[in-house]
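Each of the next two complexes has chain A plus one other chain: chain B in the first, chain C in the second.
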Partner chain A sequence: MSSPYTTLPEFTYYKPKTLEEALELLEKYGEEAKVLAGGVGLINFMLEKLMSPKYVVDIKGIEELRGIGYEEGKGLSIGAATRISEITRWLDGNPELKRKYQALYEALSRIADMQIRNRATLAGNVCEALPYMDSYSPLAVYDAEVVIASRSGERRALITEFVQGPGMIDLQPEELVVRIDVPEPPRRSVSGFSKIVPAIEYSIASVSMLAANIEDPATREVRIAVSAATPVPVRVREAEDVFKSQGDIVELLDKALDKLIGEIEYDILEDPYASAEYRKEMIRVQAYQLFLRLLREYRANWG
Partner chain B sequence: MPLTAIHYLHVSQPRHGRGVTLLGSQFTVREFKIIGKRIPPKDAFDKVTGTGTYVYDMELPGMLYAKLVQSTKPHAKIKGIDYSKALQVPGVVSVATGRDFPFRIGIYVGDRDLLAIDKVLWVGHPVAAVIADSVRAAEKALDLIYIDYDPLPAVFDPIESMKPDAPLLHPDLGRYRVSPAFKPRPGTNIANEFHLKRGDIEKGFSKAEVVVEGDFSLPFMSHVYMETQAVIAHYRQNGYIDLWTSAQSPFAVRYLMGMSLGMPMGRIRVHVPYIGGGFGGKAGLGWEPLVAMLSRKVGYKPVKLLLTRSEQFRLAPVVAGVRGWGKIGLDRNGRIVAYQARFIFDSGAFGDYTVNVSRTAGYACTGSYEIENAECESYAVYTNKIPTTALRGFGYPENHWVLERLIDKAAKELGMDPVKVRSLNLLKPGVSYTGTGARLREDAGNPQKVLEEVAKGLGWGEKARDSSKPWRVRAKGLAVSVKGPSQPPDASASAIIKFNEDASVDVLVGTGNFGQGTVTSLAMIVAEEFGIPLDKVHVHELRSTNDSAYTWQTVGSRGLFTDGSALLEAIRDAKSKIKRVASAALRVSEDHLEIADGKVYVKGKPWHYIPLERIVMGYTFENGNAIGGPIIGSGRHIAELNTYLDPDTGQGTPTIFYTFGGTGVEVEVDLLTGEVKVVKAVQAFDIGKAINPLLVEGQMIGGFVMGQSRALYEEIIFDEMGAVANPNLSFYYVARAPDIPEEWVLRIIETPQTDGPYGARGIGENVMIAVAPAIGNALFHGLGVDVRHLPMKAERVWRAIREQRPELYQKALSALKEEIRREYESLTRR
Partner chain C sequence: MGQVITLKVNGVLREVEVEPYELLADVLRDKLGYKGVKKGCWRGECGLCTIIMNGEAVKSCIILAVEADGAEIETVEGLARNGRLSPVQDAYVKNAGLQCGFCTPGFIMASEYIVRRNANREITPGEVRSALSGTICRCTGYKQIIDSVLEAHRRIKIVR
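Our next item is the complex of A and B:
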């Protein structure tokens, strides 16, 4: 972020205590209101005068939006006002869940730095919709859903559908992201996250992977999610289906990555920080390195 | 033969310095109580606890705030500025434009304006200043200033800019005030050119067995000092100006401001509290004249200008990008028979300070070597980009990036060990002549020892350790470096010490205090010489031109050498005054008195003494008669036997010392991603005498990391308008804690220089100079991959590996796949 400004535009600040109150404000003010959670994105956008909301609705005071829940078989449920460091600390205290959600844990614990992680929320990270948001690929790999509320009710959106493009999310002005649901990963699975941050703070290519029942082609499941190299997080199901076949594991991996990259090739970003060619190759290289790591973890856990 | 002492310093096992040094011209072994001890910096507590005051923090009663309006065009005439709406914002006091103060300022080439005068030269060029009673009001008004531009053709590439038909940035170049050593070429965009000619270059190359040449480059970079630029100016109605500024050199600010604006210097009072880093970027003159003028314009009220990080990147001077080229010839024995180099410094819109950086790169182009036939040329060229200024190293990192890389390439071509080639060609103190044709003083240090220590510390000749992963490889590389202060031949310094009632000492020096630790070393010198505890020596953090002793600037690693020498003279002065009084009191001749342990005593009869407390404010006899008076000592230093350089050949004596050093690295390279991780760093420097080895070590480590950051990460990126595209620390990456190598070998070599304080030479800059070439040489030596453009960021290294050693890449990928296969098989075998 960068700005010649040190002062924020003027706005009216609300800090509702209940979800109902927050939704009322959002309905009342519509596009003139912006939601403040950690403020990591919003405050910077406002400093740059890219956003000048008349009303700012701070959701950190809403008790029901805070905290993390887990239900066996259903998965994790993370309140929209929960800070990143609260999530990683909570997982540190639940080693079994940390292992289940290893990719998410790894990604969250590498977001920015400690100070930012103490402020930023997962929901805020998801709503910022810049391609390099670190939570995208792990959430995609677990098929996470964004739970959205408004005065007319609740709806859910898959992370890969919720994020529609740089700066664009599937959220109406009167709606509020209330939590992120991360479903239970398959049994006997391992997962991991990898990113490349060459000479900038942000990733230029991130890969999350999840693998279950690796040794058995019949029940084997391998998921690969890519972000940062593409405008939005992606999963390519046909590429993942390759792993259901018999055959040499490296050849399957090669084939799956060919399919994956073939599908997203024209979407791969190119900017002064990394060429599309490098990003493309870094998806592949990280996928190999990550898969090797997952094989080892799988053997240690389930072998 | 000079005496050499070596400290073997490992971070994990610190050892204490040995009290060995010289006194006068005789080598004498002297035991020290404080000199050579590892003493934490005096300012550490204030800085670490955040209780130190910086200009950034300062507020004055009735103070107003300035904000700068930036140009949106790279090169354009200003047709009109409409700020009527801005003036209507409540709280806005005034708006100033370039026509209000049409002066040119600068240190070497006076090409800078305070605000754009009639035309803008880069996107970001300050066009107007808003002054308001709050930052909020000023920022609101910023968006209400409308500038009508008439665009002019712009030039962003320095090579293009040198062509005769390039758009001219400074048509008045011939009329600017220029310092004697500089030669702008009016009617062109060349702010300065420098030529070094020594021997016969053609004849030299004709003797060469191998000739190697190459293009090299360094990008624009930012100093990224923690405290962005901050100035408070109060132009008073009585004609005095008070300035509080985050500047390295208060006296240079005063002098250059007085010179440029035609003001009596005594009426300009420059105050510098704690500074949040400088690295050369706060040398010379900054925003002070502008803010002083704004203060006058608003009716003699104090005005503060504080830059945000983004403004720092877009409108304050950064570090020039350089296009370099070099060609080296070695004979069959490995002797360098000829060297040719060219440097084009992209100085951006103003050449002011960069002209001297480029001149220095030129005159020091032959580095640490004796090269009989050399021709180097160096240019500073205007482009429509952000202006540039000095950075730690000042032309040496640039010329070493070319020379030290070419040495390795030529050595390989010849089939010789690059360490051997270096050893064969290193300057020999007392014997060799440098590139400027000056005979190297015999106590200049021990370059051979430096090289030897780097090679030994790195385990040169032993294979690099294996990496834990087959697609990663370890590689070693090294480079040597030399650095001397780049200052005018008559640069001087002074020091004053005055005693307090309790025989504690106030030290008044002008040298700045922004991380180097010089003030701690100066305090140690005083404590040592009077035998008083260190906490009885006070060096105030505030520098003021009205009550600090003069020093030319705090730059070029000169502080300890010049101001330390002046301080020793001040100490001698005070001692002789003390002895004069004590001689009468103790009834012995002055020659028979000694000062130590806070006492004046009779030599041979240490029990016959007077404590300093009873002398330093005057000595009182039993009957009340008094003699003497408050003791104040003063001392000075001036560069001796330095000369201007010959305008055609660059020959002469440009520096008061050269510090020789060297850097070795072991890196781990991921062949598949191109990521380079430095796992081990070796630093060796002959600094004559380590007054405080702890601080020397701090410089070695800090300088290495800064060099590493420049080598691997840092780069200002420009868009198609020449505007800085990454004006923030998210997209302009600076080395962070996890990037710092884990293993360190630090060597301090002590070959004393007779005219340095206790034999000491400067260390502040050399510590970063050889880092990039050492890393480049590691990639070259260990991987056979030649990367000649900085930064050696992951994608660039990845591309170089794929282009130059595709088989390495393939092998690494196959190894990774093979490991996957093996791992999978061992999983399914069960």
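Our next item is the complex of A and C:
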């Protein structure tokens, strides 16, 4: 059992009971400390010797970081130590909210596998910052905010700003992500998630969409977020704005799709798993199919 | 600097001294002797180290032993009662849901969890396939495995 990939480096383990205690530890140890929630990311990084923290701070003992709240008009609030499967089960028990947050529900139900979903957290998924994290495009479509605490107070960052690049997030060593806030979606809206996962286990292109008031150009709102094909999650406003025009909705969709792959302000990833050209095509195909699905669902729900 | 943790494994309280860097799968196998916990990939992918911890199926190779302090753990060793196989184990035998057998404890624990969680509802072959997507068999006997889970589920439902 001495192979380097099977053993962890030595470290000191802390399991604080309060947020204050956790923040004190992070301030004291700074770069030498890492936060442990589900551990799916951290323990793998440590096994691969990509990270060797001297101190590991387990946040699962902090009661206020657990669980999910919802306030009408404000939205969902998901504690940083809440497991992925807890979130999907909670939404299963609240069909009205499951419908409101359908894109998030679809993405979370398909993250990794059953055993990992029973352990991993949404906040951990967000902090891992690898381009293919499944939570990114749905969180971007709802304008979700990451809530960050430190000894000097609390601040918030939009998901699209929090994730800065592969492996890079807007988080200082003394800071801790305490929850993810997912605002109330617009009234009369539908949303959905789609991803392409080839034989490798990672998504190469993921699209989330939300559509509200489709029948009325004056109040219609369409939101489109792309991740996995891009280094960071992206909201493609130029494509969203196309839907504010008058005209046949399917023709608008065609115009929006041209904008969608033409106007993304970030590079499309290119690696041995998929070329940039293929990823672009997969964004287009998924956005097309997803929008037609949302159109059907909108008509069934609100039409 | 070791720490003594308490685990309830298959109904039996066990105390064991562990270092923070020790993984739960290693402690269960090497310190407590539950050799049914297999390690195939050492990184949370193959699912052979699957145990049921506090009622949830999890992969014990990416959990620190110290994180499990106070937990209730089930391993494959705890399923048979008085020499009688559990319905899931029995269904695997009847359907030949195994070939070399190395992945079988992981599959049995994942299947046990699937059957329990869905005891009050119908379950489709597609749902079983997707629930087992994190457990890997390299002899590729998946059809028999899925048949085993569906049969165990049918039997458990009939009992209710």
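Note that the second predicted complex is superposed on the first by the 297 of 303 C-alpha atoms of A that agree within 3 Å, B and C clash if a C-alpha of one lies under 4 Å from a C-alpha of the other, contacts with A are read in each partner's own complex, and residues count from 1 in each chain.
One rule holds for everything that comes next: a contact is a pair of C-beta atoms (placed from the backbone, for glycine too) under 8 Å apart; a residue touches a chain by one contact, two chains touch by 3 or more.
The shown structure was predicted, so the numbers you read here are calculated from the model rather than taken from an experiment.
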First, second, both or neither for A:150, with chain B first and chain C second: neither
Touched partner set for A:39, first chain B, second chain C, both or neither: second
Partner chain(s) touched by A:6 [first = chain B, second = chain C, both, neither]: both
Touched partner set for A:199, first chain B, second chain C, both or neither: first
Partner chain(s) touched by A:119 [first = chain B, second = chain C, both, neither]: second
When both partners are placed on the shared chain, which of chain B and chain C touches more of chain A: B
Partner chain(s) touched by A:275 [first = chain B, second = chain C, both, neither]: first
Shared contact residues on chain A - chain B and chain C: 1, 5-7, 201
Contact footprint of chain B on chain A as seen in their complex: 1-7, 49, 196, 198-202, 214-215, 248-250, 253, 272-275, 278, 281-282, 285-286, 288-289, 291-292, 295-296, 298-299, 303
List of chain B residues in touch with chain A within their complex: 67-68, 70, 135-136, 139, 142-143, 306, 308-311, 313-314, 672-675, 712-715, 717, 725-733, 791, 793-795, 798-799, 813, 816-817, 819-821, 823-824, 826-828, 830
For the chain C and chain A complex, residues of the former touching the latter: 1, 3, 19-23, 26, 30, 39, 42-45, 47, 50, 56-59, 62-64, 66-67, 110, 113-114, 131-135
Residue numbers on chain A that touch chain C, as the complex places them: 1, 5-13, 15, 36, 39-40, 43-44, 47-48, 56, 58, 60, 85, 112-116, 118-119, 201
